[in-house]
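When the chains are written out, they are named A, B, C and D in that same order, and each has its own residue count from 1.
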Amino acid sequence: MTDVETRHDALDEFIARYSNWERWGRDDQCGTANHITPAMVRDAAGLVRTGQVVSLALNFDQSGPQTGANGRFNCLRYSVATGSDHEMGRQMWAGGPIPRQMGYADDTVVLHLQSATHWDSLCHIFHKGRMYNGHPASEFTAQGGRRNGTEALKSKLVGRGVLLDIPRSKGVEWLEDGYAITVEDLEAAAEHGKVSVGDGDMLLLRTGQMARCFEQGWGTYAGGNAPGLSFYTIPWLAEHNVAAVASDTWGVEVRPNELPDSFQPFHIPTVVYMGLLLGEMFNLEALSEACADDGTYEMLVSAPPLPFTGTAGGPPGPVAIR
Amino acid sequence: MTDVETRHDALDEFIARYSNWERWGRDDQCGTANHITPAMVRDAAGLVRTGQVVSLALNFDQSGPQTGANGRFNCLRYSVATGSDHEMGRQMWAGGPIPRQMGYADDTVVLHLQSATHWDSLCHIFHKGRMYNGHPASEFTAQGGRRNGTEALKSKLVGRGVLLDIPRSKGVEWLEDGYAITVEDLEAAAEHGKVSVGDGDMLLLRTGQMARCFEQGWGTYAGGNAPGLSFYTIPWLAEHNVAAVASDTWGVEVRPNELPDSFQPFHIPTVVYMGLLLGEMFNLEALSEACADDGTYEMLVSAPPLPFTGTAGGPPGPVAIR
Amino acid sequence: MTDVETRHDALDEFIARYSNWERWGRDDQCGTANHITPAMVRDAAGLVRTGQVVSLALNFDQSGPQTGANGRFNCLRYSVATGSDHEMGRQMWAGGPIPRQMGYADDTVVLHLQSATHWDSLCHIFHKGRMYNGHPASEFTAQGGRRNGTEALKSKLVGRGVLLDIPRSKGVEWLEDGYAITVEDLEAAAEHGKVSVGDGDMLLLRTGQMARCFEQGWGTYAGGNAPGLSFYTIPWLAEHNVAAVASDTWGVEVRPNELPDSFQPFHIPTVVYMGLLLGEMFNLEALSEACADDGTYEMLVSAPPLPFTGTAGGPPGPVAIR
Amino acid sequence: MTDVETRHDALDEFIARYSNWERWGRDDQCGTANHITPAMVRDAAGLVRTGQVVSLALNFDQSGPQTGANGRFNCLRYSVATGSDHEMGRQMWAGGPIPRQMGYADDTVVLHLQSATHWDSLCHIFHKGRMYNGHPASEFTAQGGRRNGTEALKSKLVGRGVLLDIPRSKGVEWLEDGYAITVEDLEAAAEHGKVSVGDGDMLLLRTGQMARCFEQGWGTYAGGNAPGLSFYTIPWLAEHNVAAVASDTWGVEVRPNELPDSFQPFHIPTVVYMGLLLGEMFNLEALSEACADDGTYEMLVSAPPLPFTGTAGGPPGPVAIR
């Protein structure tokens, strides 16, 4: 048996070995976010030392990474009311002018929920007609998802965050596209940060790809090649009871993909079977600086997604509180 | 001089007395969020006792309060990819089928940023052609705001939260529409919660109106009459260096409004001049239960808005961490 | 056998008898629009006597009939550039000011294609997993329709129009909701207009419901009860080789529906099997006046839908040319 | 005085000489479309010889020319209901299943009104704070235009069309970007088509740029360089009482522009002062073939825009009827 064939088989093997279907009951919609217990949240709050708050979000606007491919575009914003109209005396509310020389602005956005910083919810990926916890994929219709939607996570994804800054631990500016992050890399980065990864942790996985894009332009960032987790880190993630992995790439996992005839195969055992929460396009640049400055790589993270009902993903207003 | 005239005059008086323009520099875009220092964030983290996380958000969907009036509608959601298509073998990615029997769902939302739980950013309200910190209102064009947009707040609005549960402190289910909450009410609610309001606090102001709507339907909730802060609480808010007030109503302040010939006049001295951050349509029901259960009315709140660039408001994924 | 049972059976009977699947070839996507030959278009042009042009469209704006039910809402419009911004000197193009004191306005609309005046394309209705010409319904995915989309009709639906003004021929202002228009009514209206209905005609079927709504408000117009064609007019429409029926109601057919346990059953034999083009929410009020004035009820109609690729419906800019 | 200076001056000169403000009354919103009289429409109908109908529209979809620059993007389409959901038995209407094994599809589009084939309405361009007929530009606010919106044209732009096929009359495949079409070119193309241009004509101006893009890709088509009308054709257009000019380019006029320090200067005297209706991104390829085949370059054109209320532009379902 060749090595490639062995690797091919790992998909089924990992599914069989690491599935969490029914682990937290038939009605669970939160997957590995269940690893975070209240005690862990309390302990994570105890990690706050200076009170510094660092945003982990990209701004939502036309400067984002999307190209329109696969229906994913950068956030469109429209003014429903403007200050120019107010200054020109042209603004109305409920059909009349606003008294007391008052004016206002309002906006509407058209937002693809996977277009910038977001969590994949547990109805984002299907395998063989099923989603997390075994529900039929066809429950996600043109009307959205009946289960496993983003709203299920609205009080989740608060807890201990650990920054695994792979390029910094390797002494490079960024990982190259196609670089597959190994278990050894993860452990070296933990050691570099003087942290150990444990139950219920939210891993903030920095590859440096976004730093490169900030310098060189987005290019094929959205949907293209990327550094990222090797498919073969799945056992380590499962055995450490990791609650979530949020990365600075579009898809967390390495591209080109490691399995033959596959597309983002890491998503199958993790999202569909483990119910692992994956965060994508998190902006970890300021956090990387902050952690390097004071040598502290663990923190309280608050990153519940906005509860867009029945959606396959949702942007949070994520922060590291240090 | 009649009492009505006295009150009328208070608008200019409060503006003159409580304006924070240039208090935090010409370039400041965060207003009273500046009251929150890192040390306060650290101390707020120390308030976490059990690790309970309570969401303060409404879900974003068609069940929301909006009617379409004034261009405000409940969040529209569209499936860009569905599980039904996957199950039918009809799903494509980049023009071809997805290997390994994998499928996915994606969504786009059309979201009016003031339609459900959100913060007003400091370019939301204008007065006499000016916005917070004295910039011309006309800086907010069809392209959005150049300054004071929501993105300025993306690492703000994390700190100590204090629930002021007015109906519970009064022993009623909810306040009636038109009820003007006074300084005495605020202080009684603080006393009821055994907390004192201080510098940099984020006040979570529960009126119970949303509880009533959950029971009786939204009715005229959006844009209509409501219980809320009296215009005359402004001195108290300013003198206590409050960082933010988030309420369970559409506009924080009482409606019908107290000043003659006015529309939401409380917003003028607060948003335009003080730079006070107002949170609207926060869902405080679960928090009210939690606080009543254990008698603890102070907590860590994490509620930075999503950084929609140049917008007049932005939804957070707000949580109380207790 | 009761009368109701007989009528119940008519669904299968009409499908069997009047299906046009493969009549115009396996690749046809235009259905009964094929009844219109170039010679008929030429002859229809010969009907133009005064050169009067009458629009048959509702305006697309927030004053439309929709309520948001079933995801159908009135057209949203956003300014991408405004005259206020131009006047305030705030307008930019490509990052800079526009020379020569020039300015511009631009807009984006969010439009549900069935929300106002539109044609149903031949992928709008399915029956037993099939659409017109026998193609699987599942060809219409989250990506839209591969076949029978609106774009197939972009040079169709030009030809002879005949106004059948039912209320006027009956001497009433409008038909009541629930009134089922019969073959006798159609023929009486044709006689009233001194026209005969023939091959390739586009029937403009006025019920007066829209006139009533203009007077009394939309109420339950969208999706509710309505006057309209009886299910039992199908043989007559098929035998006359009618090209299209455009009405002033939301669904052409009578509501409540005549068949037990059914919802808009007329749509099944007509749209799915005959490929009959149905036009909905056409504004026939001005045309009704014009035809009554000069007694001429036949005309050239030009009403090709906008070619929104792969869509289930499309609005035209429809005109009667008289 | 240099030649450049002379040309510079032509802007003010043409404005002064050719303005139609108040020509058709203070309330007119249709500009040169008023040149088309009913008698002309009747006569145009008499030009129909074979009954051939040729669409002049691009399809509205993601394959269009836009890049997102200046807020202009290709039409987004979303399925509100799908055939896959129907086949999977997952489709609902009004909260329940649809009886009789019936299903349906519905769609919503997000459409920038200038993104593909469209007319500029007479509130699209401003000059010195004014729009057509002298109204203040600031009437076009975040709420759209109070006057001169697209809805004013809903029964207009039907009449005699004349194809001026410049490349064919010159014996070339297409005009190069930057080529300024002169009066001589227009007259040569008319002669080539054996037509004379007269009062109320709608000129269909083919440059061949779109043919080149169909062969070579859109490239910088949207907003970039293009062949098009010379600024100095304005007197000829005005003196011939042309009703409209619709071209196969994004902006009708030549780019780079001929006047120093200017951007699309042709639009100023024409749209703002003459009220000339300009059609952009019309697909004239099939029409060019048809006219070359039978040597007939005049026809009935029906191209009223969809009446999107208060908008700066609107797509028609335009057809040539021959």
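By definition in this document, a residue touches a chain if its C-beta (ideal position, glycine included) is under 8 Å from a C-beta of that chain, and two chains touch if they have at least 3 such contacts.
Since the model is a prediction, treat every value here as computed from it, not as a measurement.
J.: In terms of C-beta pairs in contact, which of B-D and A-D ranks higher?
T.: A-D
J.: Note the rotational component of the Cα superposition from chain C to chain D, reported as an angle of 0 to 180 degrees in steps of 5.
T.: 180
J.: Shared interface numbers for chain A and chain B above half of all numbers used, same, or below, different?
T.: Both copies touch with mostly the same residues.
J.: Mind checking the centre-to-centre distance between chain A and chain B? Centres are C-alpha means, answer in whole Å.
T.: 25
J.: Using CA atom averages as chain centres, what separation in Å is found between chain A and chain D?
T.: 44
J.: In chain A, what residues contact two or more other chains?
T.: 71, 76, 78-82, 84-85, 87-88, 90, 108, 110, 138-139, 141-143
J.: Report the residues of chain A in contact with chain D in the complex, numbered from low to high.
T.: 62, 68, 71, 73-74, 76, 79-82, 84-85, 88, 90-92, 110, 138-139, 141-143
J.: Which stretch or stretches of chain D touch chain C in the complex?
T.: 11, 37-46, 48-55, 57-61, 63, 69-72, 75, 77-84, 86-87, 93-94, 98-114, 123-129, 131, 136-145, 151, 154-156, 158, 223, 259, 261-265, 267-268, 300, 302-317, 319, 321
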